[in-house]
Amino acid sequence: MARPITLFTGQWADLPFEEVARLAGEWGYDGLEIACWGDHLDPWRWDDDAYVQSRRDVLEKNGLGVWAISNHLKGQAVCDDPIDQRHRDILSDRVWGDGDPEGVRRRAAEEMQHTARLAAKLGVDTVVGFTGSSIWKYVAMFPPVSAEAVEAGYQDFADRWNPILDVFDEVGVRFAHEVHPSEIAYDYWTTVRTLEAIGHREAFGLNWDPSHMIWQDLDPVGFLWDFQDRIYHVDCKDTKKRMGNGRNGRLGSHLAWADPRRGWDFISTGHGDVPWEDAFRTLNTIGYQGPISVEWEDAGMDRLVGAPEALEFVRRLAFDAPEAAFDAAFSTKGDA
Amino acid sequence: MARPITLFTGQWADLPFEEVARLAGEWGYDGLEIACWGDHLDPWRWDDDAYVQSRRDVLEKNGLGVWAISNHLKGQAVCDDPIDQRHRDILSDRVWGDGDPEGVRRRAAEEMQHTARLAAKLGVDTVVGFTGSSIWKYVAMFPPVSAEAVEAGYQDFADRWNPILDVFDEVGVRFAHEVHPSEIAYDYWTTVRTLEAIGHREAFGLNWDPSHMIWQDLDPVGFLWDFQDRIYHVDCKDTKKRMGNGRNGRLGSHLAWADPRRGWDFISTGHGDVPWEDAFRTLNTIGYQGPISVEWEDAGMDRLVGAPEALEFVRRLAFDAPEAAFDAAFSTKGDA
Amino acid sequence: MARPITLFTGQWADLPFEEVARLAGEWGYDGLEIACWGDHLDPWRWDDDAYVQSRRDVLEKNGLGVWAISNHLKGQAVCDDPIDQRHRDILSDRVWGDGDPEGVRRRAAEEMQHTARLAAKLGVDTVVGFTGSSIWKYVAMFPPVSAEAVEAGYQDFADRWNPILDVFDEVGVRFAHEVHPSEIAYDYWTTVRTLEAIGHREAFGLNWDPSHMIWQDLDPVGFLWDFQDRIYHVDCKDTKKRMGNGRNGRLGSHLAWADPRRGWDFISTGHGDVPWEDAFRTLNTIGYQGPISVEWEDAGMDRLVGAPEALEFVRRLAFDAPEAAFDAAFSTKGDA
Amino acid sequence: MARPITLFTGQWADLPFEEVARLAGEWGYDGLEIACWGDHLDPWRWDDDAYVQSRRDVLEKNGLGVWAISNHLKGQAVCDDPIDQRHRDILSDRVWGDGDPEGVRRRAAEEMQHTARLAAKLGVDTVVGFTGSSIWKYVAMFPPVSAEAVEAGYQDFADRWNPILDVFDEVGVRFAHEVHPSEIAYDYWTTVRTLEAIGHREAFGLNWDPSHMIWQDLDPVGFLWDFQDRIYHVDCKDTKKRMGNGRNGRLGSHLAWADPRRGWDFISTGHGDVPWEDAFRTLNTIGYQGPISVEWEDAGMDRLVGAPEALEFVRRLAFDAPEAAFDAAFSTKGDA
Amino acid sequence: MARPITLFTGQWADLPFEEVARLAGEWGYDGLEIACWGDHLDPWRWDDDAYVQSRRDVLEKNGLGVWAISNHLKGQAVCDDPIDQRHRDILSDRVWGDGDPEGVRRRAAEEMQHTARLAAKLGVDTVVGFTGSSIWKYVAMFPPVSAEAVEAGYQDFADRWNPILDVFDEVGVRFAHEVHPSEIAYDYWTTVRTLEAIGHREAFGLNWDPSHMIWQDLDPVGFLWDFQDRIYHVDCKDTKKRMGNGRNGRLGSHLAWADPRRGWDFISTGHGDVPWEDAFRTLNTIGYQGPISVEWEDAGMDRLVGAPEALEFVRRLAFDAPEAAFDAAFSTKGDA
Amino acid sequence: MARPITLFTGQWADLPFEEVARLAGEWGYDGLEIACWGDHLDPWRWDDDAYVQSRRDVLEKNGLGVWAISNHLKGQAVCDDPIDQRHRDILSDRVWGDGDPEGVRRRAAEEMQHTARLAAKLGVDTVVGFTGSSIWKYVAMFPPVSAEAVEAGYQDFADRWNPILDVFDEVGVRFAHEVHPSEIAYDYWTTVRTLEAIGHREAFGLNWDPSHMIWQDLDPVGFLWDFQDRIYHVDCKDTKKRMGNGRNGRLGSHLAWADPRRGWDFISTGHGDVPWEDAFRTLNTIGYQGPISVEWEDAGMDRLVGAPEALEFVRRLAFDAPEAAFDAAFSTKGDA
């Protein structure tokens, strides 16, 4: 079998895990990238073998595998500043507690450590997620931001994540950060700088999700090549640019998803501007062995229609590279 | 005389006002857009006639006029949230006080009212500046931001600025907001929404500065047309896009100005991607009568070289529309 | 059921109405946008109940509905100047009469009034069509055209169409003008001006057909947003630009359709440059409730192949917006 | 001396010829492309030697030469249909007469014959102008236009112009048609067809004016190469495209010149999108020996400012090709 | 039946001819463009009727036809200079002999003559192939290359190929040269010059393969129009450009196929940048009657997957032009 | 003084060195990049102190300095294969000898060693030049080229250049290879590979000449950043792309310079598509301290006109970065 195609359950966490597993199985997905929210997966129960087995049972019953689990929401809270209502809305009571920012950050970090332990228990070597950032809010660079303030942000990230990554190392799991606005690494050069901040330790790699690169005019395929030894996971979310009229702006105008005045929008995988085939071919070339995970998000389409369609799209383009026999074919002839 | 060309003194506030006036006069500028920081102009002294006269004297001595004054830095603090070290660095002790955010905002608002009064005393009908924003930090829309949270931001702006604008109305001065990241209105659709929030009251208009539109892929000339009745002032700052390699990102990577890895940068007026001539022609068409003000900012060039060069550039392209006699010339012939 | 997908019968009027209905029914179309030429529909028989019922019977027999009827050809003659052989070729003897231009225009206007009456009898609230224009021929603006001459053209349009629209109002039907070269409104700004000319009366709206916008470099999706309260009907005709060689011109060189030297050509829906999916999504957003009508025209393809293929194409992309349940899915999680 | 740079007087015909000559001489133009309207030049006086000498005297007095004369306005009337108020506005009483279209066309043709004779008398071998067209009005191809109708238009052109060109041949003068909307040849393929219609007779060539090609997306430099043996004259008019907002259309929306909503506009030479340097270099390569004539037209700029600036622009870029000595320089070295 | 769709066997010559025929037949190809290497076809046996019949038998058994045969590899050796190891790898011992360059060229030319004879025997009127070139190696023009040296290359081509083409004329077969880097004609202007070199003799035409035009920024559809009387065969190979990051170069960097750092790559037909539909429509227009041959080459995909997929792709887009009945449909109606 | 601006004498070697020095001095150049051909500089006389002094005297007399010398032509012969008439035309008799290829290569290598010695004698630390390449001729990769053959080419380069570079190291001079078609390193990835082949030894760096990158669609500014520690010299040659018509090809069609059918051409510095200002600013950022050398080459312009114009162009844009005082200016204010 080629690389498995999984469905990321994050956008389905309003449904019970069993239901999502049933749907994904029926549609033909090979497995799930399970989110650690809703009732899908609870990192604080990593040491509860029966719980872990129950998750495995659901997968098995639906013919699904798991190669990575995800905990974007808690990772986000590790470095974020300010911590505010937006975090209250996405965190469990356990992590939010009394809402004191430093306490929230500390408990979120603890959950990330548990997430690594849970991954190990599940036999999974990759945790996908976010890091948060104390300096993202300075992105417009006005009021003026000193170089020292920026540096302090990278240091804050290293200080908070190194102890988390120590646990990852202990249990033999890797963290795959999703390069994304709001995070410490959100584009090419911030990724370079983030990897430096953490001394290029192997426990920290990347979840390649091209959707966030498209509207920043980054080349997602060149990104795969340059960071080839850090591509630990792949999420297939797509983005459509809609900036043809000089009024729709690159920054989205604080408008809701699916508003046609946004300069770009998330869209069902394959409906957008990501050069998927080039990307899948490059994944073949760099020897990426992990799952291809569909992260489905499109505020203008029914997810029950979109998710199986996306699977079909990915299955068609994420083909394997040819076998060695290929070379033999050329030995006695030439291009024409 | 055609529209006057002025120099904005904001980026020169490390120099004494007299020195900046001397330089601008020597270079041939028609006047100054005077910043309310450094020693250039102090709004809290609006009622001190001798002070006001002293400012006029400096201008007169250097053959300069004034058609607008600016107070971006205090306007920024009116709505911003959080208020932090960045604000400490740009605010006077008087406004900063003990640094309690709400107090800072209140004192900044008070200074904006004084700025209107000072403008009136100076015989100037326009104050240029920023509004700040309590929701700019949500620009990436993750963690998820509710529509209500966005609406609350616009309401906060209206609540804080309406009392300021009341003073503007009292003294017959207009506020020209500069559409800019970090502000309540930073692109086309947020400008539409901001004007709605404030009931389209005439006291509130726009300072057209295209530099911030270029990297957001907005059409700065179409913007002039659509908001033609709200163009109260014009600032000529330029921006150069440098995104040809798939690595330099649209968001600037938290890199310092002049770093070649930034996807765009501010640049000496006329060296960038702003379609200046189209813009100046459209200003003619919509009947804009105010000054053309050079806001010079380029971290890769000496300002003493750049400022006079920018004046020459603007002077050459910001020509008047032809006289009525023009029509007569066509009455007996045709295009060919 | 989602919005119905209909076939416009205008390009099939060489076939008997029964035959077109049979084909459309077999291909799976939901209904027809019936043209008032050939034997498809005769507005002068609007008061003949048996005739009207016979048309309904044909539809019913083939499982088809009708939500709009069309009379482009007679609408064209209402304002056109000159009236010449081209009109002779597309008008019935009844309207052409002795060919005296003013008489032709008057009879064409009368038929447009009957068309409204017929629509009402058929239970249809929309008539699609053209307006003609007395000033289209001045498009190149040489020999020089005075502003007065242009204004007179808009006035001529208003004078001739207001009496027609009065009948539309009487019978509760709306006219949907197709923005198109040769007409009074053929692009964005002429549409703005046309709506002004007629006082924005509700009886007059638009048939959105993007094919004519593509080669004029207009943004058909932004058009939907800006004129959202006037989108009364949607025609899906597609256009392919072929200007890659510096010789094929934007104006078509008076060459016949399908000549590869034309700079653009009409093409089977989905084979061209219209951003269909963006458009259909925007139709969802603005709440357009009417039919999506395939206007099939492609001089390089067999229509019997193209028409069913176009239906499949539109059916796949013109999906509904997601249900309200969608929002619930996001309440406990975030984007990732 | 390199090729002379002349000023086309057509857009200055509201001024007396002596005044235009004085201005052009003072600005440094080498000569004039004299228009046959206003009081500049009267073809009906071709046989009046004193008159012809008086024109020469004016030129000589101002240090000017003449290499071509122009009669666009009367050429326009030779084939146009309809003949209407627009023609009344640009024709002399002598040609307009009673306004009967066929009479107007006949008298216009007669004036074109006289124009050839006048050119010969002036010692000039080129007449620049328009042809008019009976089929331009069909450019949108709706109502449908048959191939026969289009062919009839080319035949009408040949029938009307062959007798004119016979006189050109008699007196040894060539006609340089300006490829332009409203004319029989307005783009690449219509030029090919027009030359065929007239049997490629040498008396009929082209006035290369790139301004009309720019907004049709034609390659004006490739045009020079392909029609190199028919480039009889060069007019430097410039065009600026302004279509960045999806609303400004390619066809100009019947808006007046200088309206910023037009998708393109004529503009002072060197301010637009014509690749002038490439063009001038290609003129060198194809051995064009005639004048470079500035046709200045810009509704947003004062012509007294623009005309001398345009001369300077052209003078700087229309440099000669290097001398033969150049080759010697390379004989002993290589590129590096 | 429409034009047949064939599979070029050149990239399958490692497999026995019978096996390739079996595969192509099963996939539904209409026939083969048989390569004269591997065991597919041996031109030196042109006079062996049993051999020729055996080839026909294999085709017939698999329901396949043949409309053209190919001999790129020997054609390449006719003009190439230097002759080196690359040729040794693609030539038979019979042609290579002792490897003396002039002998290799002579024997390759002889095989091309036999290929014409074999084609005639097979009842095929077209031989597809390459010419080789003695001057391709000068493409960078450094060290400097004189015009005489370039001319000598075209003359060498004519001298070597005219005797070959004489045999083609004798047996009534045409040679279709594939415009391709490494050959005498590799782009538009070299094709013009090559046809001149050979006096435009009819025996020499072109195999239109757009893959080599895409990365040279040539317009493959315009090419069809301009050389319409010389399009003797069509090969469908596709190319994908991957130059979005400023590092991947146009010339391929001497990197192997499928390396993502190449600026372009050959790719399965339909996955690349060739405007196939425009091309197939233009083939209809110019009346091309020959086969459409899939030349499948993609180092990143399994050929057993790609070849049938490519057939489906071509079958869908290479549709026939509509029948004459089409015109009738328009006689009573108009565009809308 | 800022970085010196020099003139490369390679394209002026048909003139005596004294004459070139006189011209450059009069035009205001700061110095020369002296070519080792013509009578400009003879590396075989490196040990002749009087000769070396005589060269210095010429420079001094004309107020010129020297910071680099060049020997492209002999460097070219070190690796090239084949060695043919093109080399005969650019080599001295001493190097060409009997024309036996291996002897030519050996003597060329010897001259490169002498060039290093001569540079040291002249007090210059940089030699600019070419490497030649045994595999450039395989650039089209057909007939098929094995990976081994490509690798052998890089090895051949290393084998031949390491001994040359040993002499460079001995005398403390660096070689600056010009990335250029025909050479071992001609684009981004071949430069990466070339530096690997030679173990990244410091003696081997790059002469940044963007002209060769433009038509390969490489980003010359990103190149400066990525290879910043190897930018040893800068040559300002410019290139204009002319590919707008689908016929002019990327590879130049074996046409002579200045032929308008070429897809690109070398052009006077500042007339082409190189983003010079971005490049000069990036040179400031990376701390490049060497000369900016104008390599003037334009077959369509007189060099006596072009060379001083190019100096003015470079002088205007290659400005210094601002002084440290700049930071002070921002300490009390903000961007606006």
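All chains are identified by letter, namely A, B, C, D, E and F, in their written order; residue positions are counted from 1 within each chain.
One rule holds for everything that comes next: contacts are C-beta pairs under 8 Å (C-beta built on N, C-alpha and C of every residue); 3 or more make two chains touch, one makes a residue touch a chain.
Just so we're clear, the structure is a prediction, and the values are computed from it rather than from any experiment.
Taken together, chain A and chain F share the touching chains B, C, D, E. Each chain gets a centre from the mean of its Cα atoms; the one farthest from the centre of chain A is D. For the touching copies chain D and chain F, the fraction of interface residue numbers used by both falls below half; the interface is of the different-residue type.
Between chain A and chain B the centroid-to-centroid distance comes to 39 Å (mean Cα coordinates, whole Å). Chain D and chain E have Cα centroids lying 46 Å from one another.
In whole angstrom, the spacing between the mean C-alpha positions of chain C and chain F is 62.
Residue positions 73, 76, 90, 141-144, 180, 219, 222, 244-248, 261, 330, 334-335 of chain A each touch two or more of the other chains. If you check the complex, the residues on chain B that touch chain F are 8, 10-15, 35, 37-38, 70, 72-73, 76, 90, 128-130, 178, 180, 235, 240, 242, 244-245, 247-248, 258-261, 266, 271, 295, 297, 299-303, 305. Across the interface of their complex, chain C is touched by residues 219, 221-222, 224-225, 277-278, 281-282, 284-285, 319-323, 326, 328-336 of chain E.
Partner chain A is touched in their complex by these residues of chain D: 244-247. If you check the complex, the residues on chain C that touch chain D are 73, 76, 82, 85-87, 89-90, 135-147, 149-150, 153, 180-182, 186-190, 193, 215-219, 222-223, 226, 243, 245-257, 261, 263.
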